[in-house]
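Two complexes are shown next, each including chain A; its partner changes from chain B in the first to chain C in the second.
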Partner chain A sequence: MEFSHEVKDSYAEVRADGRLNMVSAPKLREYVTDVIAGGSSRIVVNLEKTGFMDSSGLGALIGCLKAARQAGGDLRIASVQPQVKMVLELTSMDRVLTSYASPEEAFSND
Partner chain B sequence: MTDVLAQRSFRGLADLDAIESVHDELDGLWEDAPFVQDVDQMTFATAVIESASNIVQHAQPAKALRPVELGVEISVQPTLLQARVSAFHAKPPFGPMTPGTPGDDSESGRGLALIHALVTTVTFERQDGTNTWVLTRTSQD
Partner chain C sequence: MPSMPETRRAVVIEDDPDIRGLLVRVLVKQGFLVTEAAAGLPGVELVRSERPDLVTLDLNLPDIDGLEVCKRLREFSDAFIVMLTARADELDKLTGLDNGADDYISKPFSPRELQSRINALFRRRRQSPAVDTAARSELERATEVQQSLLPNEDVRVEGYDLAGAFRPSRSVGGDFYDWYRTPDGLHLTFADAMGKGMGAALIAATVRAVMRSMGHRRDLDGAFASASKAIATDLDSSNSFVTLFHARLDAASGNVSYVDAGHGLALHVTADGGVHRLPSGGPPVGAWAGTTWPQSTLDLAPGDALVVVSDGVLDVFDSVEAFTAAVLAAVHGQESAQAASNAILALAPAESAEDDVTVVVVRRLPETAAA
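So, the complex of A and B:
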């Protein structure tokens, strides 16, 4: 999995391209923690190229959400693909991790 | 006799590299059996990776000097997907084998429930020091 991020006007967009599994989940946590430490607590995780996520990956997103909120911000997800959507729905975590069609929409109403 | 249309297998040390190898075997299986519907590929692959990850994360070696090995055998049959996901040289599982219901802010504990939601049957076997999850998914046709 490859990570990158871009700081926008009102949020930071983190891209997580590849498989979000027990191999990459700790790396996502670390990456997002560093972005938050860099001063961006409003995070959008762009999952456009995340073709797979398991419960480890889901756990990492929840950990990142908690870290963002503890820093006074929030974490939202965007461009969710079918397998990730399925995992979110089957675990009912789609109630907790708010999903948006695009990164631009995630904080557009705040 | 069972009519196996495609099959893949993996065996190796139960470590993080093994998870990526199982992903690769699953990708190869779907290339060999492109007639399997996308929803069946997606759900079954997720269940197999969850089971393999459970072994890598939790399986304990039965003997100190012999590490746990992960074995995965996946087959495509006309109306059935089946996987045997095994922990070789492992102690019997410690702790509950039933799905948990973690709170919304919990970062773990959803794997077993997810496996049960994704497949048609889940059974567990222990024989000769090997723990095996047998997962089946019946085609949605």
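So, the complex of A and C:
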């Protein structure tokens, strides 16, 4: 899995390309924590190229959301692909992790 | 732990019968117990069942290529893998890649060269036996913990046919199911802890114990609220969560009351071949603070079944709809709960399943049979 991020006007966009599983989950958590520590607590995780997520991956997203809220911000997800969407719906985590069609839309209303 | 040194096992995966025969002879001479496969896919299966210490693997196989075989083997096996190739130029390319093999030999090879390479590999292992043993025994212990969570006695409920099946993955996931008789019928718990290995197994053990301890409380809402609170407290420090389906059957009426925390893979299959998936009532336990889960109910009519399946089966399908249809097709018309459960297990073939697979079928017998 490859990580990258870009700090925009009102949020930081994190990309997590590849499979979000037991191996990459701790790395995502570490990566996002670093971005938050760098001063951006409003995070959009762009999942456009995240084709697969298992329970550990879901755990990492939840951990990142908690960290962003802790820092006074929020974490939102964008461009969610079918398998990831399926996991979020099955587990009812779509009620907690708000998803948007594109990264630009995620923080456009606040 | 056995004190006798175990026989070393080897699997030879090679399509050329002459070379295969030669490899087998060389390895037998070195004291290996050898089994052989002529193609990649049967080879993967053989390694899974034999759990060898050594695999020789031809790069060019008739079904899938050796690199793919190597990749699949590395998902569950830590055997030494020696790759054989007929082309010297391939050899240069291969050795530069981290593709999971331990050594490469070009064909034609001399039996003596093969012997000395293999000896070198096993010498290397002897230099770091502590790490190896520690990792292996942790996985073995995790497997034991997981196995110990499963019901070990037959549970019978008059008028019902019950079956449960569990197939662990090599890496030990956090699946388990538990059920026991109550004066009214049956309590069933079906859970999957996040992650793999000992951590997941220990969380599963906690969940089972907590759910059992709440069994005597008659109100399901209250029992589940207390149980989830206790589990979440334990999970908090490990940043983990568990999906949890808990159901209580009133045998006489067929009424099932249940709570689903983030599982979402329980199905109500009706006698006429209909199916209704029970959506989860909220996130997994431990995932999000302040969550509450509503209790729901369903009625099992004669011939109906409650089928609960783990996400190890879902992983094989592209969508929940395809999964639901496949489970229905597997269950419908089966003679017994056991046959239905076997058919569901078969949906996720062992060779491609990366996660544990767990299935529970609670079938209410048709009225004629129940009488």
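Brief remarks on what is shown
The rule is short, and it goes like this: the second predicted complex is superposed on the first by the 110 of 110 C-alpha atoms of A that agree within 3 Å, B and C clash if a C-alpha of one lies under 4 Å from a C-alpha of the other, contacts with A are read in each partner's own complex, and residues count from 1 in each chain.
The rule we apply is simple: contacts are C-beta pairs under 8 Å (C-beta built on N, C-alpha and C of every residue); 3 or more make two chains touch, one makes a residue touch a chain.
From a predicted model like this one, the values you see are computed outputs, not experimental measurements.
Three-chain overlay on chain A, with chain B and chain C in a clash.
Once the two complexes are overlaid on the shared chain, A:Val23 sits against chain B while remaining clear of chain C. When the two structures are aligned on the shared chain, A:Ser55 is found in touch with chain B and with chain C.
Contact comparison for chain A: of chain B and chain C, B touches the greater number of residues. In the superposed pair of complexes, A:Val7 makes contact with neither chain B nor chain C. In the superposition on chain A, A:Val96 makes contact with both chain B and chain C.
In the overlay built on the shared chain, the residue A:Ala37 is in contact with neither chain B nor chain C. Superposing on chain A, the segment of chain C with clashing C-alpha atoms against chain B, chosen from 75-83, 93-101 or 111-119, turns out to be 75-83.
Residues common to the contacts of chain A with chain B and with chain C across the two structures: 22, 54-56, 58-59, 62-63, 82-83, 86, 90-91, 93, 95-96. On chain C, the positions that touch chain A within their shared complex are 192, 194-196, 239-241, 243, 262-265, 279-284, 287-288, 311, 314, 318-320, 355. Those residues of chain A that touch chain B in the complex are listed here as 19, 21-23, 52, 54-56, 58-60, 62-63, 66, 82-83, 86-87, 90-91, 93, 95-96. Within the complex, the chain B residues that touch chain A are 16, 19-20, 23, 38, 42-43, 45-46, 49-50, 53, 56-57, 104-108, 110-111, 113-114, 117-118.
Residues of chain A touching chain C in their complex: 22, 54-56, 58-59, 62-63, 82-83, 86, 89-93, 95-96.
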